[in-house]
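Comments concern the structure below.
Chain lettering (A, B, C and D) follows the sequence in which the chains are written, and residue indices restart at 1 in each chain.
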Amino acid sequence: MTEESARGPLLLLRARVHAALEGKGRTGRVVEGAVLALILLNVVAIVLDSVDSLDRRFGGVFDAIELASVIVFAAEYFLRLWACTADPAYRRPVAGRLRFAARPLAIVDLLSFVPYFLVFWDVDLRVFRAVRLVRFFSVAKLGRNVRAIAMLGSAVRAKRDELLATFTLAILALVISSTLMYFAENGAQPEKFADVPHALWWAIETLTTVGYGDVVPVTTLGKVLAAILAICGIAMFALPTLILGTAFVEEYDRRRKRRHVTCPDCGKEFEEPRGT
Amino acid sequence: MTEESARGPLLLLRARVHAALEGKGRTGRVVEGAVLALILLNVVAIVLDSVDSLDRRFGGVFDAIELASVIVFAAEYFLRLWACTADPAYRRPVAGRLRFAARPLAIVDLLSFVPYFLVFWDVDLRVFRAVRLVRFFSVAKLGRNVRAIAMLGSAVRAKRDELLATFTLAILALVISSTLMYFAENGAQPEKFADVPHALWWAIETLTTVGYGDVVPVTTLGKVLAAILAICGIAMFALPTLILGTAFVEEYDRRRKRRHVTCPDCGKEFEEPRGT
Amino acid sequence: MTEESARGPLLLLRARVHAALEGKGRTGRVVEGAVLALILLNVVAIVLDSVDSLDRRFGGVFDAIELASVIVFAAEYFLRLWACTADPAYRRPVAGRLRFAARPLAIVDLLSFVPYFLVFWDVDLRVFRAVRLVRFFSVAKLGRNVRAIAMLGSAVRAKRDELLATFTLAILALVISSTLMYFAENGAQPEKFADVPHALWWAIETLTTVGYGDVVPVTTLGKVLAAILAICGIAMFALPTLILGTAFVEEYDRRRKRRHVTCPDCGKEFEEPRGT
Amino acid sequence: MTEESARGPLLLLRARVHAALEGKGRTGRVVEGAVLALILLNVVAIVLDSVDSLDRRFGGVFDAIELASVIVFAAEYFLRLWACTADPAYRRPVAGRLRFAARPLAIVDLLSFVPYFLVFWDVDLRVFRAVRLVRFFSVAKLGRNVRAIAMLGSAVRAKRDELLATFTLAILALVISSTLMYFAENGAQPEKFADVPHALWWAIETLTTVGYGDVVPVTTLGKVLAAILAICGIAMFALPTLILGTAFVEEYDRRRKRRHVTCPDCGKEFEEPRGT
């Protein structure tokens, strides 16, 4: 700290901005909360803006929310890019910042405001839709801020092989089910089981146990097959979820044991000390 | 005990009433059982009273059950309020009782009989409905008495962070699914996917795997999207349930180890000795 | 063994019949397998007899299977009753046999053949239906023979409190959901949500995630309520199943550790040595 | 290795081919990847070939993929058969190879190309369908190569008794549910609940919670029964899945501990060193 402050007030500011944007310290928590609130406001705006009667009345409000969000997201992005060199991993001014900008999360951040500005160059009806999708990327930004997604990521990585294995089994169950059902039901229902992709839709809604009922086997062979495939296939589809659930609980138990303290001098933390 | 009885028979009575209303000792178990039976009678009455043919025949019986319940619930509430000062946490006559009455469970108790008496002041058709809702609050009182709810509360608190994290993921899955499906299906089914809230209804019935079948994607893009969103989203929706189940089993194991005895003198218990 | 054989060949025979009927020793396994095969034959007969075209053709075969089963089940019952005094728990000739006959499993055994003979006394059309139900009781006998049901019984007993607690929560979720949905949807769909019992049918098919789609909320309030109730209620309904699953796995692990040997002299076993 | 190479270059080649086909060493991984890619291409071809519009346009491409696959699968099969004697378990030239060819996986391999060549002998319309099914067997070949299936097999074997027990319970729940519902609903819906097999279809779609809604109870008795059977039966159906999930996680944990190294000389591995 003393060494850093000696290297000029700009470096100190940069370190503080970096810590704040990473959600560290009191300022960090305020910034994090504010960005989270803005994203949630965006989610509500996406949902309500699509309702015609509300769009006619409060369209201006939704536009204002969008503009404000885009400005804040852009400011946050460039501040983050400027301050990232405070992190030893991205220390070099150009190469470090480029590597920082190339991370998937940074690209999500970029996409959360860039499409909005593209409109001013080439306006047509299709682009208006794209503008609306900007808001969708702000929802994706939610993942950047909420610890839950990091958690999910760790859980998925910890059980990568098990998930891949069970996912393969699920895909296999899907393909076998849809192929067999296509042969069994194509004759009786040439429209609903027109081809294997149509049968795949049946297989997905059955093996996930959603069961809308828009595609249902009618022949005896089809029903017998469907019964056997459902009983086996549903188990295959439930396996990844069960494994993910186990991984999630284990991941939390693991993190709870690894609690470390924040350094009161430099504002860096070595392990998550809050929340978990 | 000897000290307490020396401070007057009223104090002794208050302590005994308090213990009985908290379900402690033999009298307490009888009182608890009686209140539980009355609540279950109310539940049956709510369910059967709504059937027109039964209401015409046994309407008087249902009214009598209601009146009896309201009187018992009111008596229980005021006795509880009078006796609560026996608890060291609410020792002060006025401030203690106010704090006691402000707890959520005390408010549920209050709401289980107050609306009934409001009818006598201002009668109109709408209020008749409210009178019926009285009974609904008696069902909520069930939570006050049955240990299962306390168990659920502990389990939720123990895994608060995990549940919050997975719930965030579930909400994120809901919002992303409904937004994408709105764009995919709005053109083909302008009524069923009229706006994002309409698509949210589809997303909820799909990701919970209920699948009524009243809203189903019909376009190829919609079906492909629905398949991917269903496979990922259902896992997100199952996570909170899996975590709650783990927490529930752990909570029971934990309680089983902590069994303590009831003090035979004052009737107080330091840990749950029955049932668990 | 030597002591027992000294007390007469009848006692020895009784002990051997007892052991055989309890599925112990080589003879026991053969008897168990034969009874199981007969029950499975009955299950197939129940399922196929209901198909009119098969009943017309093979009706005689089904009747023969029924008669044979009833004779075997009756013989097994009376042999079991005669031999039960070989078990120290039912040693006394009259009182022991009465206690043996009063156990739930013995009553199931009795019901698996008695209704058939009742037909000869008072024949009318309604009784013919009852005759068919005889076969249903033979299915229930399956539980007597297959270890899985004993396993399930142990698992349920081990987690009795947890299951009771979560079941209470599930019932509470059912009642609250159906009451609220009745108030929300009764106006818009007076037939489908005619009263709370009708709404209960909706609640059951939703909270179990079956979702036939015959009763679906149509109002905005109903859909919002249904969404919230579904998300919370489905978790409540999944809890008992998760707890039962945990108990089942634990029960098996516990039994696997407790393996004991069969006494080669008297044919008695102190713990399950096979299968598990 | 030195000993083996002394016994002639053919033996060395055979050992290398054997190792490569078993997926060992660098060559093995390349071969495994290539076969896997070809199978996945087949899966895509099966799914897309059934779509009429695509078949008309790209029918030639699909035929080419089919021919190429059949040739590769045949070559792989005969190479495997020739090289299998490198495995000490199948050392004897004739008896060893016959035992090798009699394994279920070898039969799947054989079925993945033989039906294609049968067409040249006796061509008729029905056989064209069989030709298409060739591709289905290539999907089954997937199981030969992907480790996930071996994993599933181990998990099933480890919990064989538990799975058998819970499966018995599920079958029992199915039979009891369908028999009772047949008696309850046959009068009101003589077509949908025509016999017990028809009721079985209802029971399967209900107890798996798929719930298409094509067969739904309409009588009060039927609905009450359906509610009780659903609540109990769904738990019975979920048990095997929960147990399989537990077994899968345990199996992976067990394998992770048993990691062994590949011998750099002979290319043999004693335990799985990759992936898991």
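In this section, a residue touches a chain if its C-beta (ideal position, glycine included) is under 8 Å from a C-beta of that chain, and two chains touch if they have at least 3 such contacts.
Not measured: the values here are computed from a predicted model.
Q: Starting at subunit B, what is the smallest number of hops through touching chains needed to reach subunit D?
A: Each step joins two touching chains, and the minimum needed here is 1.
Q: Farthest chain from subunit C, going by mean C-alpha coordinates, please.
A: A
Q: Over half of interface residue numbers shared between subunit A and subunit D means same, under half means different, so which is it?
A: different
Q: CA centre of subunit A versus CA centre of subunit C: separation in Å?
A: Computed value for the inter-centroid distance: 47 Å.
Q: Express in whole angstrom the distance between the two chain centres, defined as the mean CA positions of subunit A and subunit B.
A: That pair's centroid distance is 33 Å.
Q: Out of subunit A, which residues touch more than one other chain, so two or more?
A: Counting only residues that touch two or more other chains, subunit A contributes 200, 209-213, 242, 246.
Q: Provide the residue numbers of subunit D that touch subunit A in the complex, in ascending order.
A: Residues 43, 46-52, 129, 133, 136, 139-140, 142-143, 146-149, 151-152, 170, 200-201, 204-205, 208-214, 237, 240-242, 244-246, 248-249, 252, 275-276.
Q: What residues of subunit B sit close enough to touch subunit A in their complex?
A: The contact residues of subunit B facing subunit A are 159, 161-162, 164-166, 168-169, 172, 175-176, 178-180, 182-183, 194-197, 200, 206, 209-213, 216, 223, 227, 230-231, 234-235, 238-239, 242-243, 246.
Q: Quick one: in the complex, what on subunit D touches subunit B?
A: 209-213
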